[in-house]
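These are the structures, in structure tokens.
Presented sequentially are two complexes of subunit A, the first with subunit B as partner and the second with subunit C.
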Partner chain A sequence: MLSRSFNILRGKPWGFSLVPVRTYQVSRNDESLKTEYDDITNYGSYKNTIFTHRLPESTAQQSPPLVALHFRLNLPKTYQFSTLSQALNMIKYEGLANNYGLNTLGKTLLSYYVSEYLLVRYPRLPMPIHNAAVDSLMGVESLYELGKAWGIQVDTTSKLDKKLSLESEFLQYGRLRFLSDQDKNQFTEEGIIELNLQEARTLNPNTNHFISREHDAYASAVRSIIGGLYTHCGETVTKKFIDDHILSRKLLLENMFQFSQPTRELARLCEKLNFKEPLQIRLMAETGRLSSHAIYVAGVFVGTEKLGEGVGSSLNEAKTRAVVNSLMSYYLYTPINEEGNPVKLPSDTDYKLEGIIGDGDVAI
Partner chain B sequence: MPVKPIFKPSLLRNGLGTYVQPCHKVTIQYCNWGGSSKSIRDLLSTGSINKFASENLNIFVEVVKKSGHPVLKFDYSHDKQDSVEVRNKTTTEVLKLLSDYSQRSGNELFKYNHKVLSNNESVRGVWSPMHEHKGHRFKI
Partner chain C sequence: MNNFRVMASRVTRVTHIPSQASRNIYLHKGPRLSGLKKDPLEVFTTSDGHKYDNDVHQNVKYIQDFLSDKFHIGNELALQVITHKSFANGIKPYNEKLSAMGSKILNLHLAKLVIEQPSKSSSVNELAINNKNLDVLGQPMSRELAGRLSLGVFAKLNKLNSVMFWNSYSTQGLNFEASGEMKVSAQMVYAMIGAVHFTHGKKVAEEFINEKIFPEVETITRDVVEADVKQAQEAT
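Entry: the complex of A and B
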């Protein structure tokens, strides 16, 4: 209707034109929630009447994969099996409570503990590297890998298949449920990936990387399990769990830096730190200058203090390596306390600031 | 932007913070008639399989009745699988295989001909002739 009236206004009788049509985003109720209200403008009376229930604990206890997962993760006895099963359910429409709330809770807890750890342990990390490190610890890909390592399986059989193969109904409660019956029956060709709308939105055209629904589901299950742990067992247990499973991973921080102008950056940094003496890069040792395999060792000095050194097969390489090494030793500094242990985090008991607070990034 | 990030995923170090057993499912497939499955039938009737399952609560044990030689199938994390055929094996041999394979990581066994296999850099670093005292350096 709208586009036709545009055409008439512009005097084009042939019905189709490439004039952009202005459209508006209209908010609509999610019909699946079956919202009811007395009056459309009376927001207090809005009520979702969709029927959802939690899985009875007695049913959840009879699911062997669920019980095995509970024991494999060494979860406390107070952690209910039904909550664990809910953490693995992403399906909204089939009457069982899903993991939406647990996921949000788990995500919030994770991001608090991960960023606290990084900010206190690596106070001088530049902002972009800090963000990449957070992503490296609790991004979708890492949590997907963690979920796989925990042995979580996807529920891939449709209702009809379950009926035909006489599969026990309890098995599905211990599996990750995010596929609808339609998706499960879909024929897939090997080597061809069809993206749905949600996946297409995450596609990076430069790297062809996207977050698949499966990866997202695994990540959300892991987050929800953490959220469930908080609801049943409290904060201390959750913190320990995150420490054990997430913060114990090896972070490859020293491989995450890409410097565009390291020498300039180091000079700016020294300026910012108010060093009295000038920055000098000196040749410390060399061998085989006239041979085909020369080796040079360069050092970065401020007065008599050596900030870093580097070995290279040309003078320039040695110099750049020395500069990058001294930048890294500044950025990757970790404070320790008087006993030589890592400093306490704000969420620890008897916390007092022992480390330092970063001075922020330098601008080139 | 002075410094750009290169994304590197963090590495899982199972056993450092906590240990999650990689084997999460054992399928015991046997035949109710064939002679090669006799030991498995004995294990089932004497309750040894029940005992194994109750001792390993972190493993989902499934018993499948299917004609043919008996097989033990093991599912490990990261979708790795392994299976052993146990035809005509004695009960003790089967129980040993069960406990051995359920404790494995699921990775293929390989021979590593170096001293250390590690994700971490050497603490001491590589010895460098350039850092010797000037008097002792080898001169070319």
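Entry: the complex of A and C
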């Protein structure tokens, strides 16, 4: 660890000395790709020298599943079939260019547009909820579902099987390729799942949930298709595509919240917001206190302003519900402009700041 | 509840507490003690003596000077940019959301920039898609361009982190990286980009990165990556 320390900066013109204590890991290149470049900042000259080539466009056009996918997604004509085929290829060494770069590009685009959308439309979401929302829009499992819904199929037949069954060679170019021939031939028993190293790393021992290679491959294909869209059709088209396929999905934000100490959190929030008057929880109405089905209505007030109210069958329940409702109505606030429409996003044309910028959650 | 209030007022009347009696609250200084209120004077002062309640122009001077008129942001927002979550237990507006936005636009813009730059030599990648060379993505250079080390150093060199409201791991003798200063400074730079992005929109934020961030960060990153490669070679 220490040898990779950051005292590499010693003796540089900014000249403050750095003693290695905690180390920052500078990212290293993936040697298996054998990347070469003329100069480190000559970005155009970077080249992976493992022997690969792009699928000729004329070959890609003859692949029925690829053409079908292209039309199903309503991709623009400028989107090459060969790029779409590359987006579905995760195999590094079998001669065809893989989707690594497309995937990275797609992920960057997605992260930007998803974050922008959430940060502007829901500026007050607490960070853990914001992250959960990002995950539910562009996490592996959601993208897997999306890929499935797009009708992407996995290439599961080995080279030998393809030969024996006289399968057209064009079919594979439209399928998701991530299994090696060895994987394809492996005998699997129903009900038994064997995790490989990569899958085992994602295993959550509490929930027994893991990200399978298949799910990961689907997600990567979806991201790569988005990356490919950028390379051929530019950013405006990509933005529209992300809007249509990713951001249009309904987000169940209100189900993501879980409060451990709501009253304390609300009190702290009022302090952060510099409210002059103290926070009060008052009983607003009640019925049947002496019966077995009492109902209480509690309200949360700051001065004469009511922040929220809640109904419960005990005083405590009503109080807690009132507090949780006030917190939710604060956190889930979404700004609108003068015409009553949702505010514009920074990537929209004629943007101006109409909403608010989140100023952080409170610590409790 | 009304009953309570009536009772309370009766008690007051009986015992004749003078209405001008001032309450004396003890404000604690030094390490946190459960149940004691901390002295705001101490809480809102950083370990290097900058006061949050000082003149806001003074506090955000370095940021505003750097941004110049073209990318100007409001003073309140600039103050939020230089305030980290660790400061005063997060009671003041801090930069977490701003930096979440800033890092995304920075990553996106730099990715677009590196894949679209034509080769400056005769070596051209035939695998490029529509003249966009995707092989450069994921390489150390392109990754570190938006990395914490490069941006932390960038902030230090431009004195952007001269006034920053945050709470260090330790006030004694830790270096730029170990004290957390690098991370917090980098986050502040992300936040600054995020603030420009929110105020002026994506297009201006991209101009901002092109003009003010990229040229210098590229030089820093080049040094960082080359030194690391050299170190790796020495180790093997």
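The rule is simple: the second predicted complex is superposed on the first by the 315 of 364 C-alpha atoms of A that agree within 3 Å, B and C clash if a C-alpha of one lies under 4 Å from a C-alpha of the other, contacts with A are read in each partner's own complex, and residues count from 1 in each chain.
Criterion: contacts are C-beta pairs under 8 Å (C-beta built on N, C-alpha and C of every residue); 3 or more make two chains touch, one makes a residue touch a chain.
The model shown is predicted, which means the values in this text are computed figures rather than measured ones.
Undergrad: Decide which partner touches more residues of subunit A, taking subunit B and subunit C as the two options.
TA: C
Undergrad: Examine A:260 and indicate which partner it touches, taking first as subunit B and second as subunit C; both and neither are also allowed.
TA: First partner only.
Undergrad: Which partner does A:115 reach: the first (subunit B), the second (subunit C), both, or neither?
TA: So A:115 only meets subunit C here.
Undergrad: Where does A:362 make contact in the superposed view: on subunit B (first), on subunit C (second), on both, or on neither?
TA: A:362: touches subunit B and subunit C.
Undergrad: Check whether A:24 is in contact with subunit B, with subunit C, with both or with neither, and answer first, second, both or neither.
TA: A:24 sits against subunit C, while subunit B stays out of touch.
Undergrad: Identify the residues of subunit A that lie in both the subunit B contact region and the subunit C contact region.
TA: Comparing the two interfaces on subunit A, one with subunit B and one with subunit C, the shared residues are 268, 361-363.
Undergrad: In the complex of these two chains, what residues of subunit C are touching subunit A?
TA: Subunit C reaches subunit A through residues 1, 77, 80, 85, 89-98, 100-101, 104-105, 107-108, 111-115, 117-121, 123-127, 129-130, 132-144, 147-149, 153, 156-157, 174-178, 182, 195, 197-202, 205, 218, 222-228, 230-232, 235.
Undergrad: If we count contacts the way the header does, which residues on subunit B are in touch with subunit A in the complex?
TA: 1-14, 16-18, 20-22, 24-25, 57-62, 75-79, 119-120, 128-131, 137, 140
Undergrad: Name, in rising order, each residue of subunit A that touches subunit C in their complex.
TA: So the residues of subunit A touching subunit C come out as 3-4, 6, 8-9, 12, 14, 16-19, 21-24, 26-30, 33, 35, 37-48, 52-54, 80, 83, 86, 97, 100-102, 104-105, 108-109, 111-112, 115-116, 119-120, 123, 127, 130, 227-228, 231-232, 235, 268, 271-272, 282-283, 346-348, 351-353, 357-363.
Undergrad: Quick one: which bits of subunit A touch subunit B in the complex? Just the residue numbers, please.
TA: Within the complex, subunit A contacts subunit B at residues 64-65, 67-69, 71-74, 126, 128-129, 131-132, 135-137, 139, 141-142, 145-146, 148-151, 174, 243-245, 247-252, 255-261, 265, 268, 284-288, 291, 295, 297, 311, 361-364.
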